[in-house]
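Can you keep this structure in mind? I'll have questions shortly.
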Amino acid sequence: MEISRRDFIKLVGGVSGAIAAGSYGLNQIIDIPEKLVEKLKNGHRIESWKSTICGLCPGGCGIRVRLINDVPVGLKGNQYYPINQGGMCPTGHAALQQLYNPDRVKGPLKRIGLQKSGKWKSISWDDALSTISKKLIELRKDGKSHQTVFLGYDEHGLMKEHISRFMKAYGSPNYFQTSHAQNNSIPFIFTQGHGLRPTYDILNTKLILSFGANFLEEGFSPIYYTKLFSHFKEAAKEREAKFIYIDSRMSLSGANADRWIPIMPGTFGALALGIAFVLIREELFDKEFIKNHSFGFEDWKDNSGNKHLGFKNLVLSDYYPEKVSSITNVPSKTILEIARDLGNIRPSLVLGDQGAVNNTNGTYTQMAIHSLNALLGNFEKEGGLYFIDKPSYDKFPPVKEDSIAKIGNQRIPVSKLTDGFSPIFDFSFEIFTKNILSDQPYPIEVLFIKGNPLFQSLYQHELAEAIKKIPLVISFDSFINETNEYANYILPDHTFLEKWDESSNIPTVGFNHFGIQQPVVEPLFDTRHTGDVLIDIAKRINGTVALAFPFESYKDEIHNVVENIYKSGEGAIASEGVEGVWLEYLQQRGWQIGRYASLDEFWNLLLEKGGWWNPIKKKKLSSEIFKTPSGKFEFYSQILKDKLDSLNKNAEKNKSTKETESLLVKLNFSAKGDTIFLPHHENVLYEDNFPLILITYQLLTNRNGESSNLPLMQEMFGYTMRQYWDSWVEINPVIAAEKGITDGNWVWIESSVGTIKARAKLFPGIIPSAVGIPFGLGHTSYGRYAKGFGVNPTSIIKNHYDLISGLPALHATKVKISLAT
Amino acid sequence: MSKMIIITQRKIIFAAQLISLSLIWIFVIAIAFWILNLISLSIELDDAPGASIGISLIAIPVFITLASLLTYTFIGLKKDEFRLLKNSSEE
Amino acid sequence: MPKWAMVIDLDKCTGCGDCMASCKIENNIAIVSPEEASEGRVMFWMDMITVYEGDYPNIRIKRYPKPCFHCDNPPCVKVCPVHATYKNKEGLVGQIYDRCIGCRYCMAGCPFTSKVFNWYEPVWPEEFRNCFNPDVSLRNVGVVEKCSFCAHRLIRVRENADIEDREIRDGEYFPACAESCPTNAIFFGDIENKESKVYKLSQSSRAYRIKENLGVEPKVIYLSERK
Amino acid sequence: MSKEIKQNFGPDEVLYRPIYETGKGFYITVSILIAIYFWSLYMYFTQVRSGLGVTGMNQPVTWGFYIVNFVFFIGISHAGTLISAILRLSKAEWRRPITRMAEVITAIVLAIGGLHPILDLGRPDRMLNLVSAGRLQSPLLWDVTSITAYFTASTVYLYLPMIPDIAKLRDRGGKLTWFYTFLAWGWQGTEKQKKILNKVINILMIMVIPIAISVHTVISYIFSMTLQPGWHSTIFGPYFVAGAIFSGIAALLIVMIAFRRAYHFENYLKEIHFKYLSTLLLIMSLLWFYFTFSEYLTGIFGSEPHEMHIILYKFTGPFAIFFWGMVVCNFIIPVILLGISRFRTIKGILVASISVVVGMWLERLIIVVPTLANPTMPLPAGIYFPSLVEWALFIGGIAVFILGFVLFSKFFPLISIWEIEEGRKEGIKEVEERIHSYLPNT
C-alpha cells in the first residue's frame, strides 16, 4: 500500500494528535503503531528535532537539528535558547559540513613518517592509549610529571575544569590556553580586582561608544550582541540613542554605527584619556561614584606619606585634546563632540576590545577605556555594565595530589621566564617557545594539544621547532591541521554534533545560563570524547590520578552539574514564553520558578529545550563588584604595582619605583613613576620603516580560522567584498590611487618578516595609513577545502606581544604594498 | 539508354518531387499546429493570449502563402512540361 | 488568495550574512569551485549588497540582503520561452527546473540580477549527500535557479492547514532566512491581509521598494530611515 | 528546343566552369574548412558534455559570444534576400549578376545564425520544450517564428529563380543529371513557364521584404523588451535593421570580390557594380552613424544614472577600445575609403567592407555585453572573457559559411545565367522603353 505524505500526516494526526499543525519546529514525538512504522520507514520519512549547542565558535548559541529517519539534514536556531533566541550566524548553518566532512580523522592515528610527511597509520584506541599512558606512568616514576604540557584552546566551563583536574592530579603546572587574542582579562584585574568581563546593557543605554569593540563579529557571543543590538537599533530613533564606533577600520559593527571615527591603530588609549580630559574639565563625570567608589582619581598619599599622582592630574596635564589629536589623528573637535555626547547623554556605555587592545599597549588601552566607564559611574546601573558571577554548580570533590603530583605542581610553569624581568601576566607563546627550545626550566617530554596554534599564533616558525623538539605530541583534534601534522598521535574527538558537552556562562552574556550539548547522532567514526579519553588515561595511570575523576564518563560529569542546578532551585529551563522580565517578576513575588517534579524530568526537559538560564541579576554592593585592595575601582592599580614590585628583586628593600622604571625602559616602556600604574598611552614602537600598518581582524564567517574546512564558509568568507574562497587586502582608495592599484589587482604585502600576495580591494572604510587583511585563510593543511586558499596575515606579523598581558599584538607590524605583476 | 529506363527514372523523380513538396506542406501545417497549440496553452494558463494570437495572425498566413506559391509554381511548370512531353511523344 | 511578501528592516539588519548561509543550506544550493566563484559564477539566492556612501572619512556602509523580489509584474516571466519561470496566483515567482532550457533570457531580463545559473553540474563529495534538505530538489547543469521564498515550506504549511480545515495563519509560513535572522529584520507574510504584520510594516513611512520606477512591483519591501 | 539552349551557353561558359572544373585549390580549401568545422563540432560536444561552464559567461554577463554572433550572423543574412528583392523590385538592371550571390549568403548565414541560440542553451536536450511548452509571448519565440519564416522564404526565393539555371545544367548532362532533373521541376523555358515563374518571383520579392525587416526588428526586441538600461530603447528595431543591411552589403561585397577573383567573374562583376553597391554602403554607413548618434544622444541627454553608467562604460571604460574601434570601422574608414573617389578602388572597397563587417560585429558585442556587465543593482561590474570554446564556435561558424558558399558554387552557378541572358536579350530594350516613359516629350 502506498501512503502519500499527506495521508501520513492525516493518519498520524488522527492517531496521536502530537503533530499539531504549527508545531513545525517543535519536537515531533509521534506515537505510531509498530506496523505503520515499518511501512513508513520504507520510503517515508520520520522527522524529529534535537536541541544542542552550536560548537563552531565559543558563542554558545542554541540550535535545533532536524533529523529525517535519524539522519541530521539541517538545523536552525533554538528559539527558546536565551542567547540567540532562534537567531544564528552564518557559520552555524555549516555545522553539518563539519559533521560529514570528508577530511575528518576517522580513528586514532599514529604518525609513521617524518613530521609533516602526512604518513599516518590507523591504530586502535587501546594501543594508542596504552602507549601514551605507559609513557606518562614512566614520567611520574622518574619524578618528571611536570614535563607534561597541555596546550588547550578555548575550553571553558566543565572541560577546562576537567583538564585542570587531570593535570593537577597528574602533577604538572603546565595547562595553558592559547585562545586567539580574545580573553584579555588582565586590565580588568588591574582596575576591578577580578578578571570577570562585564556584560554591557546595550538594550537600555542611549549611547554606545565602542573603542574597536567589534561585538557583532568578534565578541564572545556575537549573536547575543546582534540580538541586543537589533533591539537597540529598533528603538534608537524613538529613544534618540546612538552608536559611535572608533576604529582604524570599519568592521561589521562599524558599518552599523551612526558615526565612525577613524583613528591611528594603537592610539585608542590616548583618545580615551583625551575624552576623559573633557569629561573632567567640563565636570561631566559621575562625581558621586568617583568620590565613593574609586581609588587614585585625585592625587593621594600612601601610608608612608609619599605623594602619588592621581588620574585626574595625569589626564589634565598630558591628554589635552590638541595633543591627543596629534597622536590619534582624530580632530580635537571630534574629541570634544564625543566627550560631550558621552557626558550628556545618559546612560552611556563605553566598550573596548579587539581593534583597540590587540596591540603592545593593549592593557593600558583597555584600562583607559574602562576608566571612562568609571568616570561615568556605569557599574551595576541600567544601561551600564553588570557582572554576572559564575554560579558554582560544577563543584567537584577536590583533587587529591599524591607526593609526585605535589612536587610537580610546585614547579615553575614552562610559560614563565626563569631569569630576567618580565611583567607578562598571562601565557605568552614567545616565552613558552623559547623555554622549550632552550630546555628551560626543564625539558618537555609530552605535549597534549588541542587547537591549532601553528596557524593562529604569531611566532609560528619557532613554535614549530619547539613542537618538533618534544618527543611525544598528542593531538585531540578532529581534523589534521598545521599543528598536529607534527603530532605523534592524533586521538580524534567527536565533532560537536556527536558529543556531550555544556556551554555555560559565556563571558559578557548578561545572565547565568547552562546550555547542554547532546549528541544528535551516533558518532560516525571511531572517535572519542577528549574528556572520556582523559578519564581513560587517568584510569590507566591509576592511583590518585584515577581518583580525580569520580565519574565514569564526561557525560556523567555533566549530569552531575545538572543535578546541582536542579537542586539549587534557581532559574528555569529555557522554554516558550518564559521571558527574563516575567521570571524576575515571579521571583520578586516569592514564586518558585522552574519547579520540576524530578531530576529525570528536569534532565529530559533540558535535553528537549536545550538549556537552562537564570536571568535574575542579584544587586551587588560596590565591594562585591571591586575586589581590588582598596575595594574600589582603581585608576591607580595597586595590583599592577604589587606585581611589578614583586618581580623586582630589590623592591623589598627600596619601595621606590626607580628600579622598576629602569627595568621597564628595557622593555620599551616610556612611562615613569606613578604613570606606570595609571591608565596611560604607550607609543607603539614600530621597528620597521615601512609606510603602512597591517591590521588583521576576524570575520563572522570564519572566526579563528577554524571554519576554513567548511566549504560554505569558504565561499561566504568575503561576502561583504564579494571575494570568495580568497583573502584580500583592504586599501584606502587614496593610497591605492597613489600606488596605481585598482580594485582586484594582485598586490604584494611585505613586512620585515615575510611577504604575501593578495587581491586588493579598495575600501573607503579603512584609514589611509593602514591596510587590512582578514584572518582565517591561508591554511597549508586542514583538508581539501582549507588548504591553499588565501593567505594568513599572521605569517607576516612581527612577534610583538602586549607588554603586560603577553597576548599577541596584531596591529603592531608595518608593511609596504606594491603592485604584483 | 532505353526509353523504359528514362521513363522509370522520370517517374521516380516525379514521385520524389511530389514527396518533397508534401514535406513542405507538412512542415507548414506542423508550424501552424504548433502555433495553435501554444495559443491554447497560453489561454489555458491565462498567460497573455493576446500576444500569441497576434503573432499567429501573421505567421500562419505567411507560411501557407509560401507553401502555396511553391505548389503553384510546381503545378504550373509540370503542367507545361507534361504538355511538351506529350507533344514530343506524339511527334 | 494570499499574496506573499517580505519586509526587510534595514534599520535592524546588521549585514551579518546569516540569511545567505541559511538559504544556501535550506535550498541545497550548489557550492561552485573556487575558480568558478572568482569568475562570477557563485550562487546565492540571497545575496548581500554593499554600498559605500560618501568618501573617507565620512563614509557610511549600507548593506542589504537581496533575495528574488518576486515581482508582481515580473520581467523574467514575460520573456521565458518555455513557461519555466512563472508567477502563481499567490504571487510567488516559481522556477521549474525540469523545464528550463537554459537560455538565460530571464537572467538577462531581471533588473535585480536575482537569478543564478548552473554552469556546470553541481558536484558534492559523497559525504555531503547526507545532509541535503530532503524537501528541496537538487538542480542539474544548465538550468536557472533563484530564490523561491522557500515554497517547499508553503506546501508543508498548507498541508497542515488543509488537514485542520483552516486558512494559513499569519506568521505560519516563512522562508529560512526569516526564520534564522538574528536581528529579526526579515518579516514574511500575506500582504493582502490587512491584519498581517507584513501589511502593517509595508504601510510604514520607512517602507520603500527598489527601483519602483520600473513598475515591476517587487514584493520585497525594505524599511529604512535613510533610503 | 533543348539543342538551342546548349548552343547558347557559349558566351557564359565562364559561369559554368566552377561546376565542371575542380581545381586543387578547391580541395584544399574544402578540407581545411571541414577540419575547422569538425574541430568546432568537437568543442561544442565538450560544451554539451560539461555544461556552459566551458564558456566565459557568468553572472551577471549571462550572454556572450553566442548571442553576439547570433545577432551578427542574422544581420549579415540581410544582405541577400532583402537587397536582391529591393533591386529586383526597383528593376535595377545592374542587379542581374548580384542577386544570386546575395540570396545564397542569406540562406547559408541564416541557417548558421539561426542555430546560435541553440549553442547558447544550457540544456539543448530540452529544445523540444519549445514545442510542447513554448510561450509565444516571449520575444525569443518571436525570433524562432520569424527566423523560420525568413529562412523558408529566402530559400524559396533563392530556389525559384534558380530553376532555369538548374534546367540548363540538367540539359548539359553529366553525373548529376538526376539531381538537376529533380530540382528543375520540368522547366523547359516555355513562355507559360516563364510567366508563372516571373509572377511567383514578383509576389515573393514583395513578401520577402517585410519578413526580412521583421526578422531583425524582432531580434532587436529580444533586447529592447527587457527593462535593462542600454537595451530598453524604441530605436532598436530600425537601428538593428539598418545595421543588418549595412553589414549585409559589406559581406556581399567581400563575397563578390573574393569570387570574382577566384572564378574570374571580372566580365560580370564590373566596376559599376562595386561602384553602385559601395555607394549604397556609404549611405548605410551614414545612416548607421545617424542611428548610433541618436541612440546615444538620447541616453546622454537624459542622463539617467544607470543608462549613463553604461554609456560611460562604453565610452571611457573597459569597452572604450571596442566602442571607438567600432566607430572607426563603421564610420571613419568606410567614409574615407568610399567617400573619396581616389580610394574607391576594388581594394579600397574590400578594406572598407571588411572594416564594416568587423565594426558591426563589435557593435553587437557592445550592445550585448556592457549592459549585462553593469547590473543596475549596486554590484561590481561583471567580467567577460570568451573561452576557447566560444572562439572555436565563432570560427567554426565562419568556416561553415565559407564552406557552404564554396560547395554551393560547386553545384550551382553563382551568377544567374538566365537572368544575364535575359538582360542581354531584353534588358537594353526594356531600359530604353522605361527611360522613354520617364522622360517628357519622347
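In order of appearance the chains are A, B, C and D, and numbering begins at 1 in each one.
The rule is simple: a contact is a pair of C-beta atoms (placed from the backbone, for glycine too) under 8 Å apart; a residue touches a chain by one contact, two chains touch by 3 or more.
Since the model is a prediction, treat every value here as computed from it, not as a measurement.
Participant: Report back the single chain whose CA centre is most distant from the CA centre of subunit C.
Facilitator: The chain farthest from subunit C, judged by C-alpha centres, is B.
Participant: Could you quickly compare A-C and C-D and let me know which has more C-beta contacts?
Facilitator: More C-beta contacts join the chains of A-C.
Participant: Taking the mean of all protein CA atoms as the centre, name the chain whose own CA mean is closest to it.
Facilitator: Smallest centre-to-centre distance to the global C-alpha mean: chain C.
Participant: Could you put a whole-Å number on the gap between the CA centroids of subunit B and subunit C?
Facilitator: That pair's centroid distance is 50 Å.
Participant: Counting only Cα atoms for the centres, state how far subunit A is from subunit D in Å.
Facilitator: 69
Participant: Could you state the distance in Å from the CA-based centre of subunit A to that of subunit C?
Facilitator: Chain centroid spacing, subunit A to subunit C, equals 34 Å.
Participant: Take the average of all CA coordinates in subunit C, do the same for subunit D, and state the distance between these two points in whole angstrom.
Facilitator: About 43 Å, centre to centre.
Participant: Going by the touch rule set out above, which residues of subunit C reach two or more other chains?
Facilitator: Touching at least two other chains: 42, 50, 83.
Participant: Can you list every residue of subunit A that touches 2 or more other chains, as numbers and ranges?
Facilitator: Residues 722 of subunit A touch two or more partner chains.
Participant: Touching two or more other chains, which residues of subunit D qualify?
Facilitator: Correct list: 133-135, 137, 141, 379.
Participant: Sort out for me which residues of subunit D touch subunit B in the complex.
Facilitator: For this pair, the touching residues of subunit D are 1, 131, 133-137, 141-142, 145-146, 148-149, 152-153, 156, 160, 163, 178, 181-182, 185-188, 190, 192-193, 196-197, 200, 203-204, 207, 211.
Participant: Can you list the subunit C residues touching subunit A in their complex?
Facilitator: 9, 11-12, 14-18, 20-22, 24-26, 31-32, 34, 37-38, 42, 44, 48, 50, 52, 54-57, 59-61, 63, 125-128, 130-134, 156-157, 159-164, 169, 172, 176, 179-185, 225
Participant: Mind pulling up the subunit A residues that touch subunit C in the complex?
Facilitator: Listed in rising order, the residues of subunit A that touch subunit C are 5-6, 9-10, 13, 21-22, 24, 45, 68, 71-74, 76-77, 84, 86-94, 96-97, 99-102, 216-217, 222-223, 226-227, 229-230, 233-234, 236-237, 250, 252-256, 260-262, 700-701, 711-716, 719-722, 724-726, 732-734, 764-765, 767-768, 789.
Participant: Where on subunit D does subunit C make contact in their complex?
Facilitator: Against subunit C, subunit D makes touches at 50-53, 56-63, 117, 120-124, 126-127, 129-130, 133-135, 137-141, 144, 222, 225-228, 372, 375-379, 382-383.
Participant: For the complex, give me every residue of subunit B touching subunit D.
Facilitator: 9-10, 13, 16-17, 27, 31, 34-35, 37-39, 41-42, 47-48, 51-52, 55-56, 59, 62-63, 65-66, 69-70, 72-74, 76-78, 80-82, 84
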